[in-house]
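See structure below.
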Amino acid sequence: MVRIGIIGAGRIGKVHCESIGRYVKNAVVACVADPFMDEGTEQTLRALGAEKVTKDYREILADKSVDAVLICSSTDTHAQISVEAIKAGKHVFCEKPVDHDVKKILTVKEALQGGGVKYQVGFNRRFDHNFEAVKKAIDAGRIGHLDVLKICSRDPAAPSADYIKVSGGIFLDMTIHDFDMVRYLSSDEVESVYAVGGVTVDKAIGEAGDIDTAVVTMKLKGGALAVIDNCRRAAYGYDQRAEAFGSLGQIAVANDASSTAVISDANGVTAEKPLYFFLERYMQAYVKEVSEFVRCIEEDRPVPVGIEDGLQAVVIGLAAKRSLQTGAPVRLDDIVR
Amino acid sequence: MVRIGIIGAGRIGKVHCESIGRYVKNAVVACVADPFMDEGTEQTLRALGAEKVTKDYREILADKSVDAVLICSSTDTHAQISVEAIKAGKHVFCEKPVDHDVKKILTVKEALQGGGVKYQVGFNRRFDHNFEAVKKAIDAGRIGHLDVLKICSRDPAAPSADYIKVSGGIFLDMTIHDFDMVRYLSSDEVESVYAVGGVTVDKAIGEAGDIDTAVVTMKLKGGALAVIDNCRRAAYGYDQRAEAFGSLGQIAVANDASSTAVISDANGVTAEKPLYFFLERYMQAYVKEVSEFVRCIEEDRPVPVGIEDGLQAVVIGLAAKRSLQTGAPVRLDDIVR
Amino acid sequence: MVRIGIIGAGRIGKVHCESIGRYVKNAVVACVADPFMDEGTEQTLRALGAEKVTKDYREILADKSVDAVLICSSTDTHAQISVEAIKAGKHVFCEKPVDHDVKKILTVKEALQGGGVKYQVGFNRRFDHNFEAVKKAIDAGRIGHLDVLKICSRDPAAPSADYIKVSGGIFLDMTIHDFDMVRYLSSDEVESVYAVGGVTVDKAIGEAGDIDTAVVTMKLKGGALAVIDNCRRAAYGYDQRAEAFGSLGQIAVANDASSTAVISDANGVTAEKPLYFFLERYMQAYVKEVSEFVRCIEEDRPVPVGIEDGLQAVVIGLAAKRSLQTGAPVRLDDIVR
Amino acid sequence: MVRIGIIGAGRIGKVHCESIGRYVKNAVVACVADPFMDEGTEQTLRALGAEKVTKDYREILADKSVDAVLICSSTDTHAQISVEAIKAGKHVFCEKPVDHDVKKILTVKEALQGGGVKYQVGFNRRFDHNFEAVKKAIDAGRIGHLDVLKICSRDPAAPSADYIKVSGGIFLDMTIHDFDMVRYLSSDEVESVYAVGGVTVDKAIGEAGDIDTAVVTMKLKGGALAVIDNCRRAAYGYDQRAEAFGSLGQIAVANDASSTAVISDANGVTAEKPLYFFLERYMQAYVKEVSEFVRCIEEDRPVPVGIEDGLQAVVIGLAAKRSLQTGAPVRLDDIVR
């Protein structure tokens, strides 16, 4: 039984607490820490299976009975808590992004040098049944050598401008999942990035210094091309698709819906909209990523998504950001240098 | 060049006139006959490529230059004109049904004994690209031995009660196409029929002594089962589908639409409705059936849909009619006896 | 917290044990009884969350701490255990069918007269997301008044002839789910039944006195028609579909697959096969039906699938059986009389 | 009746000859000119409905009975023949591209200043039922304001390296259709272009100085983004899709297939491949574009695709070419200046 401490009791912290309590085998939530812990939150967390709660995450790090921590706090604290947890000998599962700053991610990488602890980054979409099917088909050679990878990722509705301000911008907050998906599906690295975009959804996003709609083109080192298109709003719900095209054919995945029902009437032939947002769409992926983390601890295997994956996605995001600013393509070498 | 006379200048007569004029190779409309021929109709027909028009179909039968006739007159005249045309040495393409009365169909069959002329029945759906794909897959063994055949056939809107009165009833007017489809797709014969149905669309249809919604179950001689469901009205347009299920799998065909466009919006994910009705849906099939008829004449080959096909579909229709009346399944042997 | 005893530790008993242990809120497996209980089974059950095991189900009935029982034993014991459990004051969830014999089902109904306990029958498909979507659309008037209901239900592979012998025949074993679905979706009762069928999958099934392929047509009291087609084998997996057609349109549900992946290559455009069999397809429905049962106990509400539903589905099955034997349609009145 | 001369009797010249002969109302092929005209070609053309043939296109230009010409000769002759035809007072339908050189296109534009003749460019895809459906939905406001436009266009198999050498490169030969589609669907103009690409299909294409796989990103003047991905080879046939995304939703069009047949078997659930190549896919579009051209002549209306459209698509293509060479985005202003 792996005893897990969860640091951060916001939305995603609660999601993990519930999924560990209900669905993850051989794991238990030993404690949840949040500086704003109150009675209501405590009740909720206990009902979801948490044994204990605290306001101070260092209590978790000091608890010898705790094997691993899930870092679900705000992004600016990820790197520091990661380093502390590693030093305390805890296995770490850290929500994405590890940080907006490459240097701080490198401090985590450094802390991991000694070995001994697992460090997994929360790119949950790698554990989604649809994207896994694409990965499996590509790896099995079903489409031959990969030539073009296309990812479409649109949120149902834009977050508040307040959120946007601390989000790190669309590329580090939203597209980062798609950058990771490009690396995951292609088993390749990005060489250069060109980003275009604008504000079409909400002027307040523009005033906060960000964009809400983007198309990002990438050249991969192996010669394939990748293109991502994002929007912070889709009238029909959460749009999460991918197409991989190669010498022998194409594999595409569409959205999930809550049923296969199709109504034919005077208005047309209408299927259901995609599942509304990430909690509906990726709940099983959240369960699976933590289950996999737990299994890697138990069987002492390498984690499926490591610190290097966490780093690279941020580097691509920073390249996209610079590309948008300069209007020119950016090589990843120019970011890490 | 096969010279064709068209007998009957109603809707379907005009369809054939246009399709021969435009799309059928090696054929020309020598003459169109209709007792109600007027100036307007003549102009229309000439514009569609007809060389001549007349009020008297016997003029066509007497015309040595005419090789073949298309009988598009009212159903009650089909058998008699067929016999006359055969005796005049013309090849005959007769619209469905040949007649509502088995005895009259048998007079046509008898007239054909001498040989020498082709006689094709207008089951146009055999020439539809979707149903041809099903036939081809079954014949190629793609689904193994056929176990269950399901046909769904619904019109967009019910005809007038006046039409219903002379139509011969739903089974001889509408389902007859589906009965032929069962025989065509299964390459088998029907052994017994059980029909249920009612009036759900238009009370006037009930008052005219007919039903407008039906489910017909059939046992085929080879052991397979078939089921047809019909309705005189579908809010979403013309519904024409089939599913064939066998030991190795299933083949299904869906409706055609005017484009592949799918709109995703707040209302759902909406594709286009089926093509509205038979002229849109089966225009190419009309061209193809007559093209095939012309080719069979030119190359002296057997026609793809003969008098026996015309007869059997009517026999099944009469069995369905009796089943509905008696509430019991009916063996085809009991109809032809 | 509702304390549940499970009677019968076969496949479906284990399914319920696991789903209660993991997914059903406010319920716990107090005990599992099975006459063949051994150490291995005990270990499995305890790992799934069972507190206790026993060989004697009467121990469960005698246990004052147990609120409800799930009867998952062999069909021939359902009625008797049901009656005993009711008398012991336990709420009962009974797997389908309640019995093959109407009289024995009526003894259960009688035992329930006193009231006080809930009695739910395990028609799990009512709790499936797809069929629920159909029900919801019909009830919301989306297709107007219901005219034709079509259900297709095919297993991936036939069971052994030994199973067939005790199964009660295809109509009571397999089609019974579809009969219930007809009642559920239509909110109507069946008036008469006509069944055709044969042995196309496995001769041993025929030798065991059963058929493996069937088409069943029904007239409903409200005037709608229903048709079910079944087969004990489908090369492509578990096929579970429904179509409801009415005055305003149609609603159809297709199969679920494990992903939305579609591969386009030289062989065609290929999507995944349906989920293989009922455990994959209906796992969430199993969770949902028991969750609903638990909620009805807690909130003292009527159960969603009661003894009358259990009875009617068997009556329709017996009518289908007689229809197949006599070759004639059978009125349900003639079965219950 | 519009009398048409066809200049060039290659593949596309014959396609137009047949489509005019068979399907275009109120038009007749008066003459076909080709310097390599031989007896076999003459026979073919006459069978398709051509009244006359010649080796010298100037014979057509001199023929007072000819109202319009279709220029289907090699691209390097388009501009000059266009100018001659305009001076001879003929209406012109010119295959795409008008020329690879902006200056030569401008000579055509200049020749048209006087007015009096129609000049249509052969962007046939604007007349395709699927793309028309997208255009119609956008124009009707179905997706709100357009934010992102995505076009996927892949040929089934690469042409020979010999063809590649004279093709003008992938952007002027293949993508040019997609550039026009961007302008057509968006009703907007391209501001800047960024192109990436490589050789993944055939090394000989690289040796001929071209690429065979590309992704082109565009900013439109109105603020929308567009992205095209091309490949000279698709294992599953001709891939021609588009997606338009806006504030109210998305419209997408998929490929056409020869039937709606779907086979479910042990291999999966398999639909037909797309129609193989442009003659199958766009035959009706070829008929429609010329029909429209004829109608514009008859009714003296502006043509739907004019010289400006011909010019802009080439300018975008040249910008893409330069972007690929320089590795930087290119503004269209920098091309036309």
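Letters A, B, C and D mark the chains as written, and numbering starts fresh at 1 in each.
The criterion applied here is as follows: a contact is a pair of C-beta atoms (placed from the backbone, for glycine too) under 8 Å apart; a residue touches a chain by one contact, two chains touch by 3 or more.
The model shown is predicted, which means the values in this text are computed figures rather than measured ones.
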- Per mean C-alpha coordinates, the chain lying farthest from subunit D is C
- Of A-B and A-C, whichever chain pair has more C-beta contact pairs: A-C
- Message: Taking the mean of the CA coordinates per chain, how far is subunit B from subunit C in Å?
- Response: 42
- Using the average of all C-alpha atoms in each chain as its centre, how far is it in Å between subunit A and subunit C? 40
- Message: Counting only Cα atoms for the centres, state how far subunit A is from subunit B in Å.
- Response: 58
- Query: Residue numbers in subunit B touching 2 or more other chains?
  - Reply: 234-236, 239, 248-250, 263-266, 272
- Query: Which of the residues in subunit D come into contact with subunit C in the complex?
  - Reply: 234-236, 239, 257, 263-274
- Query: In the complex formed with subunit C, which residues of subunit A make contact?
  - Reply: 22-23, 129-130, 132-134, 137, 142-143, 248-256, 258-266, 272
- Residues of subunit C touching subunit B in their complex? 144-145, 147-148, 150, 152, 154, 194, 196-198, 200-201, 213-215, 217, 219, 223-225, 227, 229, 231, 233-236, 239, 245, 247-250, 327-329
